[in-house]
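The block underneath contains the structure these notes are about, expressed in structure tokens.
As written, the chains take the letters A, B, C and D, and residue 1 is the first residue of each chain.
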Amino acid sequence: MFLQHLLNGITIGGSYALIALGYTLVYGVLKLINFAHGEIYMIGANLGFILISLIPAMPPFLQGNLILLLLAVVLVAAVICSLYGYYLEKICYRPLRGAPKLTPLISALGASIFLQNFVMISMGAKDRIFPQTIGMQAITMGGVSFTLLQLVIIFSSIALMALIYWFINRTRLGIAIKATSADPYMASLVGINVDTVISVTFMAGSFLAACAGVMIGLYYGSINFTLGYLGGIKAFTAAVLGGIGNVPGAMIGGFLLGVIEALGAGYFSSEYKDVYAFFILIAVLVFRPAGLLGKGANERA
Amino acid sequence: MTTGNILTTDSLSVTFGGVRALAAVSINVKEGEILSIIGPNGAGKTTFFNAITGTCPPTSGQVFLAGQDITAKSPDEVARLRMARSFQNLKPFPEMTLLENVLIGREIHMTTGILATILRLPAFFADEAEQKCRARDLLAFVGLEHRRDHLARNLTYGERKMLEIARALALEPTLLLLDEPVAGMNPTETGFVMELVQNIRRQGITVVIIEHDMKMVMGISDRIYVLDHGELIAEGAPHEVRANPAVIEAYLGGGTHAPTH
Amino acid sequence: MKKLLVLGLLCLVMVGCTKKGGQEAGVIRIGAAGQLTGPEAVFGADMLNGVTLAVDEWNAKGGVLGKKIELVPGDDQAEPRQAVAVANKFAAEGVAGVVGHFNSSCSIPASEIYHKAGIPQISHASTNPKLTDQGFDNVFRVCGRDDQQGKAAADFAVQKLKVKRVAVIHDKTTYGQGFAEEFKKNLGSGVEVLLFEGITKGDKDYSPVVTKIKSVNPDLIFFGGIYTEGGLLVKQYKAMGGTAPFIGGDGIMSEEMLKIGGPATEGTYATFGPDTKDIPSAKGFNENYRKKYGEPGVYSVYAYDAANILFQSIQAAGGTDGKKVLPVIRAIDYNGALGHIRFDARGDVKESPYVVWKVESGKFKQVK
Amino acid sequence: MNGHNLRHDLFYYLGMLLICAPFLKSHTVYVPLLFLGVWGLRRFAAFAGENRTITGIREQMESLVMAHSSLTVGSILAIALLLPFVSSNYLIDVLTSAILYAILATALNITVGMTGVLVLGFIGFYAVGAYTTGILTAKFALCGFWIALPLSGLAAMLCGILLGIPALRLKGDYLAVVTLGFGEIIRIFLTNLNALTGGPNGIMGIKRPSFGVFALDHPRDFYWFALVMLSLIVLVVARLANSRYGRAWVAIRENEMAAGALGINVFRKHLLSFSISAFLGGIAGSLFAVKQGFISPDSFTFYESVLVLCMVVLGGIGNVVGSVAGALLLIIVPEFLREFSLYRMLVFGAVMIAFMVFRPNGLLGSRLITEEIKDSADDDR
């Protein structure tokens, strides 16, 4: 029972972690909460649905290789989503650089409402059902039941996190992102194009969110346009839990939140499932504002 | 505590993540004097102000204001004990008029309760009128009376500095800390500020100044402390400090401002 | 500029005010209220299509009392505040009757306004008992009540399935929780309720609650709620290796349920009205609806009949005055796509309309 | 504009169209039109910003209204009072709704606008107020409306203080998210505490208040009552704004550090503004409960919080009259757009972004406390 809850928590935690990375990366460079990030995740899931429903129209030799197709779907959705991230930043945040804190936050809320309704109008309000694809049979091992898909999702999220970790620590652009988070002014002095870095950060975050979106779509099989709100809030909580602006923190925070939720709902009451997330959020912020892995407690404003 | 010392620090230290910004600085400020603190950039002067006003609590050491331990007090408590300060990078309230800016400084002297405010009782009007009158006087004192209804964001750089001084004076401080009051000003303006500071002292207010402008420092200070790398390296009257080899070394070694220009 | 803007705004309001509502000559207006936008907009669309079909049919025959029927849609966004606004709007525009709302939480506050204005309200889907228990003389519904439905589901579970251990899950809505409580109440002493728990609507991850269900190992799982959550619940339960069947209500009686749940829904029970395929009078509706809008939603036919009852009553009353129309509706013996409908004193349908359906080879089929 | 600019714009919008393409269906043909509109707006904003005549006319009109401000306020009030005589019950209901939201916006403006503390879960206080009234007057019928009204405010204020004491030590975004969490927690508890709140069914049968024998049953009477409450609250808030409290709040908004150095206890002033705001939110909630006669958790969603925030922003942050105007605008205009309900929220979101980008100070600008005096140094911003 405990192991089962743990596994459930880790599966959902992986997607929280992926979305949380987007919040954390953007917060790092811009010191801004990208409230529309949850919607990017939602758009990713919807793109995944659109692309998967295109599969039957593909040439037959491609259709045989389902794994390859699914990979392609994730990739295409993620690339389109990163463009969404790019435009989001360009339209809603760039003109507001240097404006009071409140301003970009409100335009983010506006973007959130816009994207939600855009998808609602174009995709319809009802839930879209992903076709049943791979590995939905239950596998039971030592009292714990899981599906193949669940394992795939856990491993892909870990792989994606490794990828982003590599990107940030080993590539030129990634290091530029790190430098900009540390001190944008100094970064611009040493010849880093801060605008480009910010765009790339948004795109990277959106890329991950889209991957999470498609995976969640496959896992639960049903998506709609309201997905982004709750997913976004939860992921944000995860980011704060780990210490916003801190990349490993977001990953750990995501998994932790997933597990806490699963255990809370499992052992207490699932009626208050969302309350656990918010209570943790408030408790963490009040008692350890910098998050579990964060540093520089009070100066973050 | 010797009487006559309005501010005393006892081996005040501030550490930022392993870096010592202030190392066991002990100074005393005598009542009624004009004291300057100088030192090269990064010597820890502003950190010292932040440490004594509670903006950045010291890692170790103690601060006494008129004999009272204020080490652990928050900035607003310190301000209510009549220690006022200005900031190096200016912090006027841009969307408020000059008069309102100064009235914020009068806040601790205002007594009207919330109910009296809502009901607009006579006490409210009396209080408002009195404080506005005081605020106007202060603006006149720094030469900004004619712009009292302008927004602070429309002021020039020099005017903002003046506004900050007026605002700090509104607290009716016994001790006034000025962080680079003439930086970026032309000689005429500097002369005006020097006169102003002396006028302030004449009202019985002790003034501590951080400044790079040596003409001002040497011209009006009674005493000077010199900080370098967070440590106190010299103390004395202007002419003594000017001749101190350690000071010359510190400025020639790492600074842009030699104390002799 | 600043205050002029405010002035301008008020002028706008004034202009709006002068455009007073009222029945234009030659037209009878009918309101159709439900969630036309939002996550459950599909219910609104099903309702609107059903009503539109009825309106078109009557208009093709020359209208009611020789006047054309004009349909006025009202979007309550499944939110009580909006429902009240819609109701007030309908009242101001002088509609002759209202079909709707969908959610009980919307129908109830709106009914008070219709009551004051003397407008007949026939809800096609609000099953919460409170709606008609308020005692308003203008409120009717063509669907059943949750207490009837809860009893039907409980009777079926006890008498036919002979279950002993049940887990009860609901979605914490007026509908879902009310239904679940009625179900629990009607189970009797012979059945043990192992779990009574709510889930969050709109969530996608029900693995914690599913794990819990599995650990108590019930004979039957009751779900009070709609298909979006129901489908996921069934699917996640089966994916975790669970085997007990589910039973739900009208909320999960939908093609969507089958799509979301996939093969996992096989063997799921649902209480609902009888199959319209068995009702000869529904044939026309089913054909016409399919021609115009595709496969009907489960509540389309209820909306269609509600609209028809309204039109027939207005026709019979000889006018749109609520005072004349209401007694006609109360006394009506209507034979439509749902079969015979007669109202009792509260405004509920007289015969409990519930039967049990079961998913067999990917389709809901009525259990005989 | 030069060729490069044009080409850049072209790529920009083509790219946007391209990423929207997967979603394009027959009924979203308006999306390209929307982009065109955005483009036009951008050009127009640039044009209007540069065009002296347009700004000149605006300033002239401003000063004209300002010169007769008491007359303007008086006539607006007169119109508002007389309005019910020429409108239907439906419109009165819409206007009453707008008034309740105006109270909410005025209350929220104290924290968001004046003190600069972003609160995203403000509807939580509204909910606490509404449920306090519901529970006291209907569920357990302990007392009448007139006792419940202040109690609702106090209950909300208590929540505000309990939340504020730990939360107000945080800053900016963090605080915003904590308040968002608060709003959600309140809603979840309202849904689950069945015995107290009626759970998802909410509370029914809340009666309208009455003055002795004179019951405010007719929508028109209740409208007047709400109008009186709004006027009172606006008056109180305006008076607070124009006093040492308001000045201290604004000072904290402008620069917390400087305010602290001037002896202002930032935390206590924050808490004061937060609790006054919560109190007024609770009062609005109480009015909402008696207006609707029925409350359920559905009415207190995050979306409502955002809506109220938008009113504050649209009207101009920190501007008391602006909040009221914002509320009227955001409740009344969508009501006229009911026919286009599908696109309503889409446009709403776009307008929010456009406002932030093109007119961040809101419709009425941010100042009314003391009028801004324009001079040559104005381009300092």
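The criterion applied here is as follows: a residue touches a chain if its C-beta (ideal position, glycine included) is under 8 Å from a C-beta of that chain, and two chains touch if they have at least 3 such contacts.
Because the structure is predicted, anything quoted here is derived from the model rather than measured.
Enquirer: When subunit D is left out of the picture, which chains can still reach each other by chains of touches?
Expert: Contact components excluding subunit D, positions unchanged: A, C | B.
Enquirer: Which one of the chains is closest to the middle, using the mean of its C-alpha atoms?
Expert: When every chain is reduced to its C-alpha mean, the one closest to the whole-protein mean is D.
Enquirer: By mean C-alpha coordinates, which chain is most distant from subunit C?
Expert: Of all the other chains, the one whose centre lies farthest from subunit C is B.
Enquirer: For the pairs A-D and A-C, output the one whose chains share more C-beta pairs in contact.
Expert: Result of the comparison of A-D and A-C: A-D.
Enquirer: With chain centres taken as the means of their Cα atoms, state the distance from subunit A to subunit B in Å.
Expert: 48
Enquirer: Could you tell me the distance, in whole angstrom, between the mean C-alpha positions of subunit A and subunit D?
Expert: 30
Enquirer: Taking the mean of the C-alpha atoms as each chain's centre, how many Å separate subunit B from subunit C?
Expert: 71
Enquirer: Please tell me the distance, in whole Å, between the geometric centres of subunit A and subunit C computed from their C-alpha atoms.
Expert: The mean C-alpha positions of subunit A and subunit C differ by 36 Å.
Enquirer: Among the residues of subunit D, which are close enough to touch at least two other chains?
Expert: 191-192, 342, 345
Enquirer: Residues of subunit C that touch two or more other chains: which are they?
Expert: 37, 172, 198
Enquirer: Which parts of subunit A, given as residue numbers and ranges, touch two or more other chains?
Expert: 271, 274
Enquirer: Give every touching pair of chains, nothing left out.
Expert: Final set of chain pairs in contact is A-C, A-D, B-D, C-D.
Enquirer: Where on subunit C does subunit D make contact in their complex?
Expert: My answer: residues 1-7, 9-10, 12-14, 16-18, 20-21, 36-37, 74-75, 77-81, 84-85, 88-93, 105, 108-109, 112, 117, 128, 130, 172-174, 176-178, 198.
Enquirer: Taking the complex as given, what residues does subunit B use to touch subunit D?
Expert: 53, 55, 74-77, 79-80, 84-85, 87, 91-97, 100, 103-105, 107-108, 110, 112, 114, 117-118, 120, 124, 127-128, 131, 149-151, 153-156, 167-168, 170-171
Enquirer: Which residues of subunit C touch subunit A in the complex?
Expert: Touch list, subunit C to subunit A: 37-42, 172, 197-200, 202-209, 211-212, 214-215, 228, 231-232, 235-236, 238-241, 256, 259-260, 262-263.
Enquirer: Of all residues in subunit D, which touch subunit A in the complex?
Expert: Per the touch definition, subunit D meets subunit A at residues 12, 15-16, 18-20, 22-25, 27-28, 31, 112, 116, 118, 166-167, 169-174, 176-178, 180-182, 184-185, 188-189, 191-192, 302, 306, 309-310, 313, 317, 342-343, 345-346, 348-353, 355-357, 360.
Enquirer: For the complex, which residues does subunit D have touching subunit B?
Expert: 236, 239-240, 243-245, 247-248, 250-251, 254-255, 257-266, 272, 318, 366-367, 370, 372-373, 375, 377-378, 380-381
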